[in-house]
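In this document, chain identifiers A, B, C and D correspond to the written order of the chains, with residue numbering beginning at 1 in each.
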Amino acid sequence: MSVRLGFIGTGDLGADHVRRCANIMSGATVSALYNRTQSRAEKVARQFAPQARVTATPEELIESPQVDAVVISSASQTHEELVLKAIQAGKYVFCEKPLATTAEGCERILKTESAIGKRLVQVGFMRVYDQGYLNLKSLVDQKAIGPLLMAHAAHRNPTAGPHYTREMLISETLIHDVNTFHWLLGESFTAAQVLYPRSTSKADAALQDPQLVILETESGVLIDVEVFVNCQFGYDVQCAFIGESGEIRLPEPARATVRRNGQNHTPITMGCKERFETAYDRELQAFVDGVTAGKLTGPDSWAGYVASATADACIRAQKSGQREDIRLIPQPGLYQ
Amino acid sequence: MSVRLGFIGTGDLGADHVRRCANIMSGATVSALYNRTQSRAEKVARQFAPQARVTATPEELIESPQVDAVVISSASQTHEELVLKAIQAGKYVFCEKPLATTAEGCERILKTESAIGKRLVQVGFMRVYDQGYLNLKSLVDQKAIGPLLMAHAAHRNPTAGPHYTREMLISETLIHDVNTFHWLLGESFTAAQVLYPRSTSKADAALQDPQLVILETESGVLIDVEVFVNCQFGYDVQCAFIGESGEIRLPEPARATVRRNGQNHTPITMGCKERFETAYDRELQAFVDGVTAGKLTGPDSWAGYVASATADACIRAQKSGQREDIRLIPQPGLYQ
Amino acid sequence: MSVRLGFIGTGDLGADHVRRCANIMSGATVSALYNRTQSRAEKVARQFAPQARVTATPEELIESPQVDAVVISSASQTHEELVLKAIQAGKYVFCEKPLATTAEGCERILKTESAIGKRLVQVGFMRVYDQGYLNLKSLVDQKAIGPLLMAHAAHRNPTAGPHYTREMLISETLIHDVNTFHWLLGESFTAAQVLYPRSTSKADAALQDPQLVILETESGVLIDVEVFVNCQFGYDVQCAFIGESGEIRLPEPARATVRRNGQNHTPITMGCKERFETAYDRELQAFVDGVTAGKLTGPDSWAGYVASATADACIRAQKSGQREDIRLIPQPGLYQ
Amino acid sequence: MSVRLGFIGTGDLGADHVRRCANIMSGATVSALYNRTQSRAEKVARQFAPQARVTATPEELIESPQVDAVVISSASQTHEELVLKAIQAGKYVFCEKPLATTAEGCERILKTESAIGKRLVQVGFMRVYDQGYLNLKSLVDQKAIGPLLMAHAAHRNPTAGPHYTREMLISETLIHDVNTFHWLLGESFTAAQVLYPRSTSKADAALQDPQLVILETESGVLIDVEVFVNCQFGYDVQCAFIGESGEIRLPEPARATVRRNGQNHTPITMGCKERFETAYDRELQAFVDGVTAGKLTGPDSWAGYVASATADACIRAQKSGQREDIRLIPQPGLYQ
């Protein structure tokens, strides 16, 4: 039996999820689409799923008996309300990050999902499905380098649009690293600090790009993350752990080397979709497999909440210039 | 509409294809299975496709109206006859390499398929779906290093069983490299030579392992391939092209590096399935997509024939110690 | 004409300098040796320079007409006094780092050397002679990645003795990175901060190992340096710059790769001498060449002062847990 | 006591050896120079060794009591006669490769040196002083990958002049690889074969560039060496051994990586001097140290003979298109 998916938001990433479901994934069909600009949803339907219905409202999609599970890729500020509605309709829901724009919004989701008493939500943190990060996770879990002490990371984008704000550098970009470390280490964060290097002339000065974010975890692991959203040279994600007896490094994507003109050349990926293409495929497949099995396994609402609460502290640290404490609500039983 | 696949041969690789179809692929269902030992087919069906039918004969499977296309993973000597039957039944057929155990067998398939006038066959050369080889192919096609002059390659397995013969080193192992170079270069081979280094003490002396196979192509590209099926240290595939202005190298699979005890450690894959897992997924998906579209795009019977005819020459060269010419029949119009 | 060198301090590193002078370098001879324990100096003389004289006091060595230039490798707390005496005797002097144990001590040397009006001092910061760092320097000077914004570095030792204190982690270890960045960037530092990750169980808890030191430069470059003196796995030095258009990384020492047992293995150097052997050869050769030419070119007293003043601020930051300002005296004309 | 060196031939490489002796090496002085065009020798003397004498003939230099040892960098066809004269004068002699232009010439040197009963000759095979090759040698000697079975190598130059002949590709270029494998494996060669790939359009067609040379050793190790003297992209030397339990690879020279414009860039050396600069320093220092100690340790006349006799067979194989046997004279006792 195929899982019938309804897609809310068919912009860039949303349309890509529709394509994925139509052409690549196993056990799922595109049943319905909704987009704020309806013609866009119709266009995507024509291209990938002519048999799918385009609904007039997201509520119509969520409540449709032809929709077994919902995939939300609409604007960040709509996430909370739509996720709540899906939960209340008893539907499984995959929601792109962030789960909500504030930690408080995430708390409302935790509460509602806990009241239902069943995990219905998967958050779109795709890195946990990347082969390289899975490889890191496996080495961390094996204690390949003993207890962990530090991590060094970088999250670099070639360019960010002119609308990109200092807060978005945290809430849209760093949030991936926050979730990744939460998952890799299996623990939460206790404090955050943000340091400002000299800013690149290729970005608006108000953005302050790059930034160095320092996170501390419950067990004392110190993590530094360079976030640089106008680095020009590539979409480049780096991660290394330092433990008591060694170091582990995230591998770079495998690319053919060309020796030419006195140089070895190896390409760097230029975008998120290129870098994490397979991870996107796998995260949505995992959601569908979870729905089919009646048991979701991917990043849950608690992960979404931890990421948002930590991002909020980083934004406070951006403003204060100080080390900011991170305090979380107790983890509800559903997520333990 | 889902493509209903019938699987002939549910041994190691065959069962893996059933799993792939059941759990990973898009647009296909497992409809029927046949295996020489029927209980094995039944076991695989129970595990991955309880709704599928287990047939008493391969003919029954091929002719079943519930089977849209056939996947052959049975013993090499059965391939030719089964492929011919599938073609005669007008069914699309995916056949593991080799297409037939001799060039003559492949020729009979070319003739039958040409008579039907439609490409129905895809041969299981999965490397053409590997991301690294696709990367090489794209650089070759872009003429990134100018006209090609040479290639250096290696095909290494940790161990081969005691039954592994000198001929199998060509017909089961080297045949992958032959097809890969045929596809990468877009041309055929004109001569072959085999040189014998000192043999490893870890293999039967009669096997003569490793061997160095030298191939020449129509345009004069000289290819050397080290084939070493008892190399102990890993399943390791290497490939580099030398052109007029540079060199291109196949990337190694991306793996996390561990620094520990005075050494950097990066793992080497230990088996074919681990090394080419994604390629296997993609080749079968490409077959299903081709069936759905009514147009196959993967390695065709001509590729199967070229590989077999070239392998035959290599086996002659193993025996003669001389450079052996390779002469092909004219390429039928269907494959041009 | 050969430069006649007198060596004060013939411990581990001092004896190595004597060997270097006797066996490897051009244009220099070992003329005299002094060591606090005289028998040690005699032993080193017998081994490498039987014709050299062993003096009873360092002053006798410095003032000897048979000594053209002095090499100081004695204990850190003796450096200032011996350097001052050499300057006052009008002798060129190579002094191991630190130039003095405090910034004030360095200031006294700056004053005395300035009064003489001639550069007589070279400080033993050997990294500026390492091929890899020279490669970095050349790329920085070419503006290969545009204006620099950040640097990430690591300085790791396998183990530090039980006597190793929290301050030594700065004054003996980090001081090399401080000098290296001063030289690479051609600017000084304005502030320092020290962060404490979870401490390794393999070091005394009082040491707090590893540490993350953050330095800011005059132009706003933000540098983070992981210092980990009990990392177990190797003597490992890492350095990367982030500029407006790219990244540059210090290469690892070239070592043969061994593929064995399912792993690629590449060795990591285990000690400072192994890692910087050629750099040590070149720094002392550069000193001798400078003496011969009447013009020193290596790290000068000002570099020694900047390193010490910056290290002092880091030690303050270790204690305060705060960002500490770094204020330097005006650079005397002699060093501009 | 300094070894007084006389230099015969002060062209490109010869002048570089003079500079090396004057500026870099320990224990040697430039005593005399001879060059066919005397003004060239005078110019080199003025630049590096104003106190050295320029002689009118090479014999005058060889016989001068001011010359302890001779360094020959003149044209290849002069080597044999000059080496013989130096031996007869009882002088140590360092001779650039080839020791003589034919195996017979080398045999005359073996005979003369044997008659004197003392090793006086070092041949200029500098690779045995390269850190990377020493690293390989050490791993081979440790049997890090078990008994050796094969080697794959490449010797690439960016361009060769128009005068460069097919024979020179062996006698001037491949000869380095021949000597290197002789030294690494500690055994001689029994047969050679040369294969011709498609030739680059960037070289004269008569040259046939690149070529694949196959060598067999006494124990059956099969070595393939790609020689490509107009490869355009760099001076690139590759070497890998395959043993019963693994593979060892020569490291590439350490160079900083630049990430820029969507590519990782690592430079490739562009010339022999850049690639082997330190090896050249060390080979001449080893010669001087050997002279001082009265015992040479570098590549001896036997190594020179084996390289020339093997090169002769490769040239025969270039012409015959066949596998050519290599037969050596018995190794004289002096070299055992």
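Throughout what follows, a contact is a pair of C-beta atoms (placed from the backbone, for glycine too) under 8 Å apart; a residue touches a chain by one contact, two chains touch by 3 or more.
The structure presented is a predicted model; accordingly, all values stated were derived computationally and were not measured.
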Report task. Matching residue numbers in more than half of the contact pairs is the bar here; say which of A-D, B-D or A-B clears it relative to C-D. Result -> A-B
Report summary line: Note: of the two pairs B-C and A-C, more contacts are counted for A-C
Query raised in the report: Roughly how far is subunit A from subunit B, going centre to centre by Cα mean, in whole Å?
Result: 37
Report summary line: Per the C-alpha centroid definition, the whole-Å distance linking subunit A and subunit C comes out as 44
**Report entry** Between subunit B and subunit C, centroid-to-centroid distance (C-alpha), Å
**Finding:** 58
Report task. Mark out which residues of subunit C touch at least two other chains, giving numbers and ranges. Result -> 232-233, 236, 245-247, 259-261, 266
Query raised in the report: Across the complex, what residues on subunit D touch subunit B?
Result: 147-150, 152, 154, 195-202, 210, 212, 214, 219-222, 224, 226, 228, 231-233, 236, 242, 244-247
Report task. Spell out the residues on subunit C that touch subunit D in their complex, using ranges where they run on. Result -> 22-26, 131-132, 135-136, 139, 144-145, 245-261, 266, 278, 285, 289
Report task. Would you mind writing out the residues of subunit A in touch with subunit D in their complex? Result -> 232-234, 236, 259-268, 270
